[in-house]
């Protein structure tokens, strides 16, 4: 996310004095709620979805993720890199290739 | 997200030939599933949470969001900017300030 | 749910002194968390799922729903009947037949 | 749930010819979606919620759970009893009493 976008999200919250509602727990709930509005785009069909609706709901998820990163003072690239290192170890290419199984079933 | 992080996520999927599983619907399910693993960090307490666990689960949400952006060929900053414009209009500062109400109750 | 099953769920909570954690908000989180463990059974395939796993996760959702009914002193049949009356009005047979659209698109 | 309530839910689906949409995967998505509409009642506050809204959303979760039980020809009391037996073994009273920890941390 560009710094400009990040600033816009922060300003939105600050101008409305909404930081008081942005506890980590409330933001985790919010991410799940928006993730399910996104999921609703695919409720009855996997292929016949409204792209403009998907874009809006995915954006909502991303905004709340950004809020949570901010509140916990986390660096997005850092936490993703740490998790990717774990994923790479849990799913070795030679075992996981072409298989959708969970790591404990490989 | 830095280009380097984005590339790492893409390489992870490509090396495992997992693109075949990354339909928009499956990724939407995955975002919700990971969002709820994040929510689980706050299941019984809003304040007593394991930060390292939160970081991992938030990273998982962000990785699947990135996968969905890729699959749909979306630009993160563009869709967030479009949504923020809508949010700014739906929640005018003078009405929304300090209130957690939904826009249709302001 | 049979009275015997309801009593077993209540006894489980009481014996462990877990009523203190069963706030409506925590139970709502728990229902979502378990619903997503259920969803995980269908994460990468809609048709190739492990039925015994599905049964367990669906049971978990039902148990937390029962806990929430108890905490809020709600009658399951009453709230479902009230909602079904609304659904029947929102989705008239002649308009909704064979269509998966949301009521505001019929 | 009373037989009368179950029949009303079944009739609702049959009259609208919606059985075609009720795949197990679609119903699992639906349970998660409704669970998150329930969660939304507690998005910004754990204690200040609209009970009539909670009742409606909980009813929606219960209706889709009933649909999934039907589609998979499952007996609610049977699957809950099986899961409760597992829970009772995983959370022995003497270890779990008064503690919200997950079984692998007891």
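A, B, C and D are the chain letters, set down in written order, and residue numbers restart from 1 in every chain.
By our rule, a contact is a pair of C-beta atoms (placed from the backbone, for glycine too) under 8 Å apart; a residue touches a chain by one contact, two chains touch by 3 or more.
None of the values given here were measured: they were computed from a predicted structure.
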Requested in this report: Would you mind working out whether chain A and chain B touch using mostly the same residue numbers, over half shared, or mostly different ones?
Outcome: same
Requested in this report: For the pairs C-D and B-C, output the one whose chains share more C-beta pairs in contact.
Outcome: C-D
Requested in this report: Find the geometric centre of each of chain B and chain C from their Cα atoms only, then give the gap between the two centres in Å, rounded to an integer.
Outcome: 25
**Report entry** Intercentroid distance (Cα basis), chain D paired with chain C, Å
**Finding:** 2
Query raised in the report: Touching two or more other chains, which residues of chain A qualify?
Result: 21, 26, 29, 32, 35-36, 39, 42-44, 46, 100
**Report entry** Footprint of chain C on chain A - complex, ascending
**Finding:** 29, 32, 36, 43-46, 100
Report summary line: So, in the complex, the side of chain C touching chain D is made of residues 1-2, 4-5, 8-9, 12, 15-18, 20-21, 23-26, 28-29, 31-32, 35-36, 38-39, 41-42, 46-47, 49, 51, 54-56, 58-63, 65, 68-69, 72, 74, 76-77, 79-84, 86-88, 91, 93, 96-98, 100
Query raised in the report: In the complex of these two chains, what residues of chain B are touching chain C?
Result: 21, 26, 29-30, 32-33, 35-37, 39-40, 42-44
